[in-house]
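Chain lettering (A, B, C and D) follows the sequence in which the chains are written, and residue indices restart at 1 in each chain.
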Amino acid sequence: MRAENYEARNHPPSNEFEINFGPNHPGIEGNYALKVKVHGDEIVAARADGGYLHRGFEKLMEQRLWIQNIALVPRICVPDPAPMEVAYSMAVEQLCGLEVPQRAQWLRVLLLELSRLAAHLFTFGGHAATTGMYTPMFWGVADRDLLLDLFEELTGGRVYSIYNIPGGVRRDIPDDFLTRLSDTLDYIDSRLPDYDNLLFTNQVFVRRARDAGPVSQAQALDWGVTGPNLRATGLAFDVRRDDPYLVYDELEFDIPTEQPGDAWARTLVRRGELLQSIRILRQVIDRLPDIGGPIRAPIPNPLAWNVPAGEAYVRIESSKGELSWYVVSDGGDKPYRVHIRGPSSMHAVQVLEHLVTGCRIEDVAQIMFSLDACPPEVDR
Amino acid sequence: MNDAHLPVERLSIILGEVKEVRVTQKGPRRTRLDVAADALPALLELLKGRAGFVHLSAISCVDWPDDAQFELVYHLWSYELNLLVSAHTRIDRDPGVYVSVYDIYHPAGFFERDIHEMYGVFFEGAPDMEKFILTEWDGPPPMRKEFDSEGWVNDHFDWQDYRPDWLLELEAQGGGVMIPPDEQRFSRRGIEDNDDAG
Amino acid sequence: MTDTEQFPVRVEQPDRNGGNIFSRVFDELTAFCRSRSLFILHYCTGCGAIELPPAMTSRFDMERLGISPMVSPRQADILLITGYVSVKTLKRVMLTYEQMGSPKYVIGICSCTVNGGMYWQSYATAKKLNDYMPVDLYIAGCMPRPEAVITGLRQLMDKIAAGEANGWEDYYRRYDYYLGHQQRLFGETWQTPTDVIAEARHYGLFGPETLGDHTRLLEQHQAPLEALEMQLGLGAPDEVKA
Amino acid sequence: MSAIDYKKSGSILNPLKNLSFFARPAITEPLEPRRASLRYRGFHLNDWEKCVGCSTCQKVCDNAAITMVKVPELAEDPLNGVRNLRPAIDYGRCCWCALCVDLCPTGSISLSREYVHTCTDDQLSSYFMLPDPNGMHKEFFGEGWNKTAENDLVDPQRQAMNEMAPDARIANFDEIVAGYDRQQAIIEASRCVQCGMCHDACPTHMDAPEYIRAIWQDDLEEAVRQIYNTNPFAHTCGRVCTHRCETACSVGKRGEPIAIRWLKRYAVDAFTPEQIQAIVGTGDTTPTGRQVAIVGSGPAGLTAAYDLARLGHAVTVFEGLDRPGGMPRYGIPEYRLPYDKLDADIAVIEAMGVEIRCNTWIGRDITLDQLHTDYDAVLLGLGLQLGRSTRIPGSDHGGVVKAVDVLRDVTAEIPETVPASAVVIGGGNVAMDAARTLARLQRQVHGAVRVTVSALEDFEHFLADPEEVTEAREEGVEILDSRGPKACIVEDGRLVGLTTLKVLSIFDEQQRFAPKYDDGDEQMHSGEMVVEAIGQMSDTALLGEALTERLAWQRGRLQTDDDGRTSEDWLWAAGDMVRGPDVVHAVADGHRAARSIHRALAEAKMEERAS
């Protein structure tokens, strides 16, 4: 220890302090930092600092074969990896003109919605924990683990499923999987009243979360806010419905919206989406047995696979918002350029900086969790 | 939102007013526009103001060193038309300077900052061109094609030298490592060829 | 000001082979107690961290082993490196590691901490964690399941109880080696606020390899330290408000 | 939308309702790890019996985590595509994506349900693991993610080859196989996993992975360059090669092997001989002043000529017949190898500066001693142009002919009466060639096919390629298996047919050739002609008695050292007369002999300089 490092610093003669909120901070989601200037408890200025989880995905993908990237892509967003796989596969399929078999599309929907469910349960828990309530977090994580068991059974991996490949999916569902899925959904459904008691109708939480980090609809549009955060401002927009992909246009689901765009509304939207995901999954359970056919379109030998030159822009509704992938091929065996636009790259930087400015320091964590900002998606 | 025309038609009417823009229909909800660099900001303004393209989904940068150009792609979404427009433009790789569209689209702030640190393209008029991810990186902009990540890694890091018992046994019998992983990497083929040429 | 006498941090090194029976019993008791109350630093360095909440919460419940998360490095015993560490993170990890009180234990989980893992081609991540700090235990997987994490933690507990988890001593004994790798990656002006050499003397762990070329470089660049990156460029958020 | 109006019904007491959870059982799992799911992606398993060491897993591994390790105790078998390499996995890199499983051509790799491995810093070498069927810690946890039809990324189907229908091809000698078009060739080439087993199995070690890759990249010039590195008989080998490469192909372990022969054919067919010559160049054209004589213009002789000419030696090839080409021209029917394609090969070889003198019999027009005097080295590439006889009763009749003679006469267009019915003795490819050639002639002359093939072997151990048998049958040839020839029946000086006996066994207990027949099962096959296709030998009369005496022989074959040099230091021998009948072996032999001759000439030059 060097004593001089622990002497009082020459701070400006005021009660304003600059502090690092993160990266090693229990209130931060992932490995991310906010540098904030506080005046008492109030934050007067904030600046996001990312890059702690930077791995250079876009560069790495340019160095790997098209097929090799399927192992890499789920790592981009750890809590919600499935949309990454699907989006990448869809982009390659677009470039190659591959027709994905119906059954594969339904299986992808199954995977995506399971992943959304898992991510939302995780986010609830996180949001609750940042307001000092740890039980919902314990429950949310434990219930999510039941979904991870399903992932493990379906895809062979708990978190990183690596289930999609360009052309379709790698394995069909195991025997009786749908029954177990249905049972798990019933269980999660039955847990919702418990969550309501503990969280959504708990005045402690309601009062903390309301009016925290409000975003108006105009601001949301101005700042490129998407996903549940946008729907929490009252705009019913969902890529699944308005720019449909896979078989979402054959599925019935509502788009939950809330007002007025504060942390409370955002979390409520997620609760609504949880119900809708369960609803979609139940439709998948009903329809999937009737959809036969292959689960994968034939693809060339992955070691000698030149994807035709071109570009593809794929948009997907991930649990965090609009996820889009821009993939350029120069006709080679590796992607020429991949650009990943994670929804959190908006939410965790400019929007978060904007929202925490003026709030009290104890709300920073819950604003970040309520935005469901996912740092690995920002850093890539 | 009462729409006398199909979305695509409405868009094409607007685009008809802009000179020198090439329109390619890439799908039912995807339109590609190619436009000169100096006309792009005006085009974006028009798209936002007249066609409801209020959402800037992303700005992608593609490096084309052979053409000595960067390609900038602005992906815009209209909540009214449910239509995605990708406006492509090319700028010179050197000096790699372009104008910021932050005034039109605030999300551009993040993307321009990202492109600046990853490619070294400077956006004039952007509010913030400071590094965000690579604050502690002093190498060249890593996403440029000429930056060889693997070479850099090999210069800066060592790899594990495993000596498990089974390997020692095999070596004693005359076996052992025959093909190290690097020798047969398909993804490395093109790069080695270039090295040979250079 | 590096006169370390003012810090009463000296601990007597237990002589594991000798000493009288009372001190041996006392040492073993200490080690046993130490292994039954471990705090993991709450720092999600990489993607393997996603399996820690399940491991901590009801289903796999590592608290039954006496292990729970701790927010401050000063009170934490275990630094869990959950997968890849980007170079930017590694600096913070080094700061954190040096600030943790001894004895401290490092667990590297996932492939990435061993030989670069998936990101072995990446310019942004460090490849071998044991170049930069001594690692007591590795848990294989990408990422390891909570069960594997818990198995690993149980093994660490056994090692602590047996007095075998002494990686932290190595950091003091071979500080020059670790510092050299840090300097190779972070540049030769790399400084941390902790005076490791003085601590090494105090723990009685100062050895022939504590000092070397790299520590000389460290002293050469010694300057009044600024903490890392405390300047705020506050242009943008103000405009946000407007 | 919401079932509860949260904004109103909220209460600070609501959480208390969950106190009932204290009465519920805990959901905590036991401390011991659970069993992973049935398709879990845990540590690797590798079935060493199935694994052939092709290193495809290494190529698809995105993390460069796989090292191929040589295990000396395992057998190596290049002809069947087996190496003693096995993959070792670096768990400091692996991400358990299981692409190695999906792409393994043999299906030997799988992932287990084992997932716990921990170690301390000094045990870190345990992260580098050589998977075997037992599991990482010698404890079998069960197979997890394995190869199924769903996730198999190896395409087992080769591109179908267009062939002429039997009734279209039966009356003419047009080439049956159409060859791949560009798209088919690229798709077929893309199936290759570049393991190089073909290279190891090929007698002349052709760079098949390289030219297949070049074909896939649509760079045919590069493909031709790679092909000509090792084989100047590309057109010929692209059609009639025995393709040992395809036997060894690792994709062929579970599916159909890559059509390497057809790909070679596709690449060289894309160019004229002049273009090929421009692509491959003429080598080092500085004349060395050395002269080499080559007897016989078959694949062995001309390959050696090609190599030697490219090394700057003056090469003269002596051919007894009208046209160069040797056995490929006079022994292989035109419907399998069109003459213009053989001419293309020879044209490229001639363009290297090789002089070919046809109609020059050694011993008649020029003696071997003369060659010995005039040239610095002599290479014999005589081939096997004499048919063996069964020596059964009646086989000395004029209507009993040898298959090689039939084929040669057809090529040489020597007019001969076409028998209305014929019997072929033999079950090899030459027998098929003779039968199918006769079938075509019969169709042309008589309008109907009456050819019977009687083979010693049963169909399970047949010598001819299965496709030859199928095609021969399609063309109307009757093929009988397990029939041993007894006698050729001559009535009134006229050959009327062949009697055969049922074969009980071909080899005795010492695996020597000693066929046993069932005398009770005798059949008569009528035919105006009996063709013997039971093997060939070399016509070595040109050597002269003295030289024959000096040279070493074994079972009628000339003995040489590994490089084709005989016990006479000026004389080399190569090709079928040394190795037995096979085009690609002859090519390989030609290369070897050329290298040996070149070395000997260079040494001689050194000695000259020294003296």
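As a convention for this text, a residue touches a chain if its C-beta (ideal position, glycine included) is under 8 Å from a C-beta of that chain, and two chains touch if they have at least 3 such contacts.
The structure presented is a predicted model; accordingly, all values stated were derived computationally and were not measured.
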Shared chain contacts [chain C and chain D, defined touch]: A, B
Comparison of B-C and A-C by number of C-beta pairs in contact, larger one: A-C
Geometric centre distance via CA averages, chain C-chain B, whole Å: 37
Rounded Å distance between chain A and chain C, as computed from the means of their C-alpha atoms: 30
Length of the line joining the C-alpha centres of chain A and chain B, rounded to whole Å: 22
Cα-centroid distance, chain B relative to chain D, in whole angstrom: 48
Numbers and ranges of chain C residues touching at least 2 other chains: 58-59, 88, 114-116, 118, 120-124, 142, 145, 229, 233, 236
For chain D, residues that touch 2 or more chains besides their own: 27, 36, 59-64, 90, 92-93, 95-96, 124, 127, 194
Multi-chain contact residues (two or more partners), chain B: 109, 135-136, 142, 147, 149-150, 160, 186-187
Category of the chain touch graph - line, ring, star, complete, other: complete
Chain D-touching residues of chain C, taken from the complex the two chains share: 58-61, 64-65, 111, 113-118, 120, 130, 134-142, 144-145, 147-148, 150-152, 154-155, 159, 167
Partner chain D, residues of chain A touching it in the complex: 64-65, 67-72, 135, 142, 149, 152-153, 155-157, 160, 162, 170-172, 174, 194, 196-198, 200-204, 206, 254, 256-257, 268, 271-272, 295-296, 298-305
Contacting residues of chain B [partner chain A, same complex]: 29-30, 54-58, 60-63, 73, 75, 77, 79, 82, 84, 86, 105-107, 109-110, 114, 118, 132-136, 142-143, 147, 149-150, 186-188, 190
Complex contacts: residues of chain C adjacent to chain B: 87-88, 91, 114-116, 120-124, 126-128, 131, 184-185, 187, 229, 233, 235-236, 239
In the complex with chain A, residue positions of chain D that touch it: 1-2, 4, 6-7, 9-12, 14-15, 17-18, 21, 27, 36-41, 56, 59-63, 95-99, 102-103, 111, 144-145, 148, 150-151, 153-155, 187, 189-194, 213, 216
